[in-house]
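Worksheet: the structure to be examined is printed underneath.
Going by the order they are written in, the chains are A, B and C; count residues from 1 in each one.
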Amino acid sequence: MNTSDNQSNSGGEPPIVRFANVTKRYGELTVLDSLDLDVSRNETISIIGPSGSGKTTVLRMLMTLEEIDDGIIYVDGTPLTHMDKGGKLVRADSRHLREMRSNIGMVFQHFNLFPHMTAMDNCMEAPVQVLGLKKEEAQARAIELLQMVGLEDKMHQKPATLSGGQQQRVAIARALAMRPKVMLFDEVTSALDPEVIGEVLNVIRQLANEHSLTMILVTHQMGFAREISDRVCFFYDGKIAEQGRPDEIFNSPKNSRTQQFLSAILETH
Amino acid sequence: MEHYLAFLHQYGPRFVDGTIVTIQQTVFASLVAIILAFCFGLMRLVPLRTAQITATIYIEFFRGTSLLVQLYWIFYVLPLFGITLDKFVAGFLSVGMCLGAYGAELVRGSIQSVPRGQYEAALALNMSPAKRMMRIIFPQALLIMLPAWGNLLIELLKGTALVSLISVTDLMFQAKQTNAVTFLSVQNFGTALIIYYLMARLVVAPGMRTFESFWARRMGRG
Amino acid sequence: MFEWKWEFTLEILPRLLQATLNTLMAAGSGYAIALILGLVFVLGQRTSSPILTGVIREIVEFIRSTPLVLQIFFLFYVGPQFGIVLPPWASGLIAIGLHYGSYLSEVYRAGLDGVPRGQWEACRALNLSASRTYFRIIIPQALPLSLPGMGNYLVGIFKDTPMLSVIGVMELMATANALGSETYRYLEPYTMVGFIFLAISLPSAFGLRRLEAWVKIKSGIEK
């Protein structure tokens, strides 16, 4: 069982994401250990912790990039990793996964933009191919999003001509083009040169402040996490060691591991 | 030198005829090889046991035996099972099937070389496996495999020389015929060698390089 | 397979196995020649004379771009035109040696290029002679990189030995042809030849992959 309060949501609204007793193993190694985690609608959560603590695995499992070993993940009340078959819960088939996946969007550490497509085409690709949008519609949506991330003047350029920060902003626009309910950010600034980190964080900040979007971030940017999060979760050894409001976690961490981690990280910044 | 020019004047037309047949054989064999390479290369990647095993059998069999043995088998043994092929067809089919096996490994390897992040991004955007392969993975895999395909096509061109052994009247066949008549081995086989060389170096290699740069530019790399 | 005659197969097996031995010896000898010629070709492209380098480069390209079977014919028939008479297997082996030597020169080149530049510079700084540099420092590092290619071409030579049948060398394919024309039965000889090739090349290819992995670990390229 995880410590202290599991959810800090307001009211009795069901969580938009729920990890119920989720376990993930890689061979002998247990990466996530009976994890319970609830995320409320429109909540912004930051997940911090040392490498190997399972942070990225949480995101990857939610995005169905990894399979679950034990437990169930729910998205907006419906099981993600399992499906209802005649009243019983069985492992989800690919069709169910595809249906559920449309609720989640992800931005990757290494951007993963499609190199053979322009920024605009990158953003249009999935709406056209997956959602069946007409080209004009998808284009309008892409332009709107690229404007929002400040890259409309680059929309006809291919990723190779863009800086890391610019590519990551296109990646954010691309994920948003699918209008997911939950956005996942997997260490999205870790692969960036310091001078372009700010422009990406600005976009994320804008998203958190101006849009109703549930956001889960795995990050090492402590200052940023503190600034925009509703809740911070500190992961250690596949479990949530401590979670709470940003000022609680950063100013007065209760768990000794949290304290160790924070002092080590903050020393080098 | 004048000897050689006289020789070319007299026997040149035969070599031209032979070259045309060689070109035909090469073109048809290439089509066979490309189709088989993509079919079986993709079959190796599909998460279906039977498909994978079939593809592996095809690839290992045609890579493990020599083209000449396959050629003879198709031309001399298949008729015993009721399948009699015209020698021209038997020729390019054998060459195509043999080199298609090497091509299949190339296709498979290239697709697996596309960075995993591309696959994950496409999955995250909820693209179906087919759309993912066709629009994202494959275009990038093609760029990776083109240089090696250039080499493969040259091997294919060289392989067609063997069809002369089942009496297809290609360049090699004409060279042998002319040699049997004139006994001027240097001129006969030398000319044939030069023609093959020119086809490989001045047609196939530059052609592939042009296609490579074209595709690289489309992929945003050039 | 309804016409397959097992007694016939057993009858012809001894001859086929003998031919297999010939084939293996031919392949081995051809490979040995190719190994040496390959070295000559690659070193010839690393001389200080641009003319020599260029000429050798063109020769290697020429050999690699033209069919082996044609080269075999060329060497077999050209000799007598100038009074040099070589037995068929000799011209065949020389042709194979030249052909695969040019392939191997590329493999060697890739291996040599794969050795970090700093190694050459260190040898220079330590004033090592050219032969010491090559034999004690560079080649031991280039070898693991080249081994996969070298192994592949050994299997390749073995599979190309049937081409020698066209100039009368009694290797496996030629023996099958002979059996076929003697007995008018082609099914069993040709199929057995196919099996024998598979029986030798598949385990070899597999063994080579294992060897490749082992060498990579041993030479410190991979843990």
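Just so we're on the same page, contacts are C-beta pairs under 8 Å (C-beta built on N, C-alpha and C of every residue); 3 or more make two chains touch, one makes a residue touch a chain.
The shown structure was predicted, so the numbers you read here are calculated from the model rather than taken from an experiment.
Undergrad: Work through the pairs of chains, note which ones touch, and then classify the graph as line, ring, star, complete or other.
TA: line
Undergrad: Which chain would you call central, comparing Cα centres to the global Cα centre?
TA: Checking distances from each chain centre to the full centroid gives B.
Undergrad: Identify the chain pair joined by the greatest number of C-beta pairs in contact.
TA: Per chain pair, the contact count peaks at B-C.
Undergrad: Please report how many Å separate the Cα centroid of chain A from that of chain B, as a whole number.
TA: About 47 Å separates the centre of chain A from that of chain B.
Undergrad: Using mean CA coordinates as chain centres, what's the gap between chain B and chain C in Å?
TA: Result: the chain centres lie 21 Å from each other.
Undergrad: Averaging only over C-alpha atoms, locate the centres of chain A and chain C and give their separation in whole Å.
TA: Distance between chain centres, rounded to whole Å: 55 Å.
Undergrad: What parts of chain B, by residue number, touch at least two of the other chains?
TA: Not one residue of chain B touches more than one other chain, so the list is empty.
Undergrad: List the residues on chain B that touch chain A in their complex, please.
TA: Spelled out, the residues of chain B in touch with chain A are 115, 117-118, 120-128, 131, 135-136, 139-140, 218-221.
Undergrad: Which residues of chain C touch chain B in the complex?
TA: Those in contact with chain B are residues 3, 61-62, 65-71, 73-74, 77-78, 80-81, 159-163, 165-166, 173, 176-177, 180, 186-187, 190-191, 193-194, 197-198, 201-202, 205.
Undergrad: Could you please specify the touching residues of chain B with respect to chain C in the complex?
TA: Answer in residue numbers: 60-61, 63-66, 68-70, 72-73, 76-77, 80, 154, 158-159, 161-162, 165, 172, 175-176, 179, 183-186, 189-190, 192-193, 196-197, 200-201.
Undergrad: Once bound in the complex, which stretches of chain A touch chain B?
TA: 63-65, 98, 101-102, 104-106, 108, 110-117, 125-126, 129-130, 158-161, 171, 174-175, 178
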